[in-house]
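What follows is subunit A paired twice: with subunit B in the first complex and subunit C in the second.
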Partner chain A sequence: MDGYQYNWDVVWQSLPELRQGLIITLQVSIVGMALAVVFGLLCAIGRLSQYGYLRKISIVIIDFSRSIPLFVLLFWVYYGLSLKFSINLTAFQAGAIALGITGGAYMAEVFRGGINAVDFGQREAALAIGLTQAKAFNLVVFPQAIRIIIPQAVNVYVGLLKGATIVSVIGVADMIYVAQYVSLNSFTPFEMYSAVGVAFIALTVSIAGLAYLLEMRLNRGRSRG
Partner chain B sequence: MASEQPFFDFAPIWQAKSLLIEGFGIAMFSAIAGIFFAILLGLVVAMMRLSRYRVLRAIAFIYTQLFRGVPLYVLVLWIYFGLVFAVGIDIPRIPSGIIALALLNSGYLSETFRSGILAVDKGQREAGEALGLRPWQVNRFIVLPQAGRIVVPPTGNQFVDAIKDSAILSIIGVPELMKIAQEQANMYYRPFEFYTVAGLLYLVAVILVSKGISRLERRLARFSREKIEASSDADKTVSEVGG
Partner chain C sequence: MNPTLLQLKNVGKRFGDHVVLSEINLEIAKGEVVCVIGPSGSGKSTLLRCINFIAPPEEGEVIFEGRSWKRFHSALNFIANRKYEAQLPKLRAEIGMVFQHFNVFPHMSAIENVMLGLTKVRGKNRNEAREIAERSLRQVGLGDKLDQYPEKLSGGQKQRVAIARALALNPKVMLFDEVTSALDPELVTGILDEMRRLASDGMTMVVVTHEMNFAFQVATRIVFMDAGRIVTIGTPDEIRNTTEPRARAFLSSILG
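Presenting the complex of A and B:
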């Protein structure tokens, strides 16, 4: 092997494009996360419902969404669904939907775990002092559950952020897409992918750190109350 | 325009079934091999994180942060395309995929193993040392077997993730299920049918593995509960005798 000339200048030169790509990755993951929260909440409500059939349907939906690889979901939504039913989805929309389905299944379990972790006596006490079902949930159970939910939701988001990198496969111009494009022209895949990897590690580690701080803060309130 | 063609047509799936099954086999093989090496690597890194030498601890810490933070997609591209150019190591597709799966999962598993080892009562290690066992013997015969029971469920979940993640290996051309599905979907122009079937195959694999793990978990839990009950009975007898 002849000495490889490392060319890190390419990374610096393509920094504006990479930054643009990163913004798109963040956008896809945030829209996906928003969908996941809605979808997850619906599934969690179904799972905690008093009706047996609703619980069963929710379990099946959660199991399906969680067991199918994100990559397969992405292709299924973008090439399968949209072609078959002539829904003209953009690559961005398909990516966000696929992330929403996968993330929703995880969020459903996070919501359920958080709500179940609140002592049942809290709800009973709220009902005993005359609050309605809805008020007992909104004013007593949910504020306590959210402390448990938020840190775990951040973890789900980190997972979605990493998962969001695959949307470049269907042509969303995210950071990987830029890295691929640049390295094809300059023959510097090592430098470009290293840069993207480092950027992601920095991003996920700092988000995880923020989640940890947040958890500390939320727990501080808890020990006081 | 496609009026003469059926809306759903699963016949091409049947024609491509042997290819799909082969792809499924490669996907499962990649996931199993990836998890196997991830367990070995994860164990080494967990031991390093629990080492008394600060340098080893620091290296292990960076290792876990690195591989838990990097997306699999980037890691696969980096190994398959990046390393060839920079270091001149030309790793074929399937080994590249397995290495990526192993590295990524070892980051998660090392944390699992570390907490599993820490969850074993300290008295067990002390008792082993008091009996005159060497440090490696204490680890091999006393701590690791007990930690093993604790880490089975999370390791199983990691295996499930590896099965799902193996679909990403199609981007470097590993002829696993997703790659075959893509090729056949394009050939027959039936993406909906092929991706549905691919998804269902992954679903079946994931559900079967999850079922197996929870069964194993129940068995191990029963085993440990019996032991706890037995030991508490023994305590009772001792205290009765003593009283």
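Presenting the complex of A and C:
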């Protein structure tokens, strides 16, 4: 029985394309994350609102967004919007939006958790000196919540980054797409996907490192008290 | 008698079905020091929070310097309620409050804690605010801790920051909510002395406290509360000799 002949040369030869794919992966995940932050913050504010109907709407939106598999969401956004509403998005746009919706649901919970973790007395004290609700939130509650939010937001982003590998199914030319495409001719899916895997490990580790530095910076000389 | 600064009229507060305060009537003259005593859970802290509407009362009204503050019940008054809510920061800026757990802002240095209200509520520029804040912190004996963050401060120092933060806004009345209860015993006296100084400077104060000595020495009147109601009000002497059974029981359990 012949052993499998590894052909790593293919990986080296396709590095320029893989690099291109990596950039696309990063782009779609970063745009997706930006959307997730906005969508998540809106949902979290709704979720924490004093108005019952806003809370209920937000819960429904969050649960709904969180329950749909990204794969299905991608098809709905890309093909569904086009078929039903004649809204034609590029594959990249559809991918970013789908990631934004999924990530937004998680970000909403991250924001809510962070905001709730700030002692209620902080808000009371902020209101007591005459700050408006909005200023009390922006100047006192949120700056404290952000330190709890950031590490968890990084987790959400890492999730989105990996989730971003699915966008190849609607034809976004990300790393997976490149690996698939190259493998079709060279019959080396194992090598190509492994290369993608290594790239992801490197990315994730660097992001975690950056997040750690950021956290240290935010906590410098200060803590809860 | 000085003119009335603050009046609670028939104030009532509920959390869901649970009635925390009912039929609270209290008139406070300028310069008075009113101490509120009573068993825990009697609604003392909530009473303070109704005065500055941090916990808005559902019933009755608060009259501060002749202006009435109350919320409307009906949902049809949504717009009126929004308008009234938008005005609340103005009321609160005139009322200083100090809390049991200090509630200093941990992400700001001592002086930034004090400056926040000056810049964001009073609209002062940073230099002006810094000057006032510095003076305020010096008054409470923290002149050498201006740039310290709360985590580097003791409980007593944090509480001084909180007092300076409230005083810097030049409030017309100060609310104290069991401000020594979370302090180490050796730090209590310092904070109480700070409050005595304020009282002798003529500050109007409403003080929820378990420090009976302080209450009987400093208060112009003492309010005894139980089960969400004011049971009796009187001068320290009147309260000391009260015949009201619940107040008697409470006092003898504390004073022995």
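Heads up, the rule we're going with is that the second predicted complex is superposed on the first by the 215 of 225 C-alpha atoms of A that agree within 3 Å, B and C clash if a C-alpha of one lies under 4 Å from a C-alpha of the other, contacts with A are read in each partner's own complex, and residues count from 1 in each chain.
Just so it is clear, a residue touches a chain if its C-beta (ideal position, glycine included) is under 8 Å from a C-beta of that chain, and two chains touch if they have at least 3 such contacts.
Given the structure is predicted, the values throughout are model-derived calculations rather than measurements.
Enquirer: Looking at the overlay, does A:127 come into contact with subunit B only (first), subunit C only (second), both, or neither?
Expert: Touch partner of A:127: subunit C, not subunit B.
Enquirer: Applying the touch criterion given at the start, work out whether A:83 contacts subunit B, subunit C, both or neither, answering first, second, both or neither.
Expert: A:83: touches subunit B, not subunit C.
Enquirer: A:20 in the overlay: touching subunit B, subunit C, both, or neither? Say first, second, both or neither.
Expert: Neither subunit B nor subunit C is touched by A:20.
Enquirer: Counting only touches as set out at the top, which of subunit B and subunit C does A:143 meet: first, second, both, neither?
Expert: second
Enquirer: Let me test your reading of the model: by the given contact rule, A:119 touches which partner, first (subunit B), second (subunit C), both or neither?
Expert: Touch status of A:119: second partner only.
Enquirer: Looking at the overlay, does A:190 come into contact with subunit B only (first), subunit C only (second), both, or neither?
Expert: In the superposition, A:190 touches subunit B alone.
Enquirer: Touching A:63, do we find subunit B (first), subunit C (second), both, or neither?
Expert: Only subunit B is touched by A:63; subunit C is not.
Enquirer: Which partner chains sit in contact with A:155 here, subunit B, subunit C, both or neither? Use first/second/both/neither.
Expert: So A:155 meets neither subunit B nor subunit C here.
Enquirer: Who touches more of subunit A, subunit B or subunit C?
Expert: With both complexes superposed on chain A, more residues of subunit A are touched by B.
Enquirer: Can you list the residues on subunit A that touch subunit C in the complex?
Expert: Per the touch definition, subunit A meets subunit C at residues 119, 121-122, 124-132, 135, 139-140, 143-144, 221-225.
Enquirer: Would you pull the subunit B residues touching subunit A in the complex into a rising list?
Expert: My answer: residues 7, 65-66, 68-75, 77-78, 81-88, 160, 163-168, 170-171, 178, 181-182, 185, 191-196, 198-199, 202-203, 206-207, 210.
Enquirer: For the complex, which residues does subunit A have touching subunit B?
Expert: It comes out as residues 1, 4, 6, 63-64, 67-73, 75-76, 79-81, 83-84, 162-163, 165-166, 168-169, 176, 179-180, 183, 187-194, 196-197, 200-205.
Enquirer: Using the touch definition from the top, list the residues of subunit C that touch subunit A in their complex.
Expert: It is residues 49, 52, 54, 86, 89-90, 92-97, 99, 101, 103-107, 116-117, 120-121, 149-151, 153, 158, 162, 165-166, 169 of subunit C that touch subunit A.
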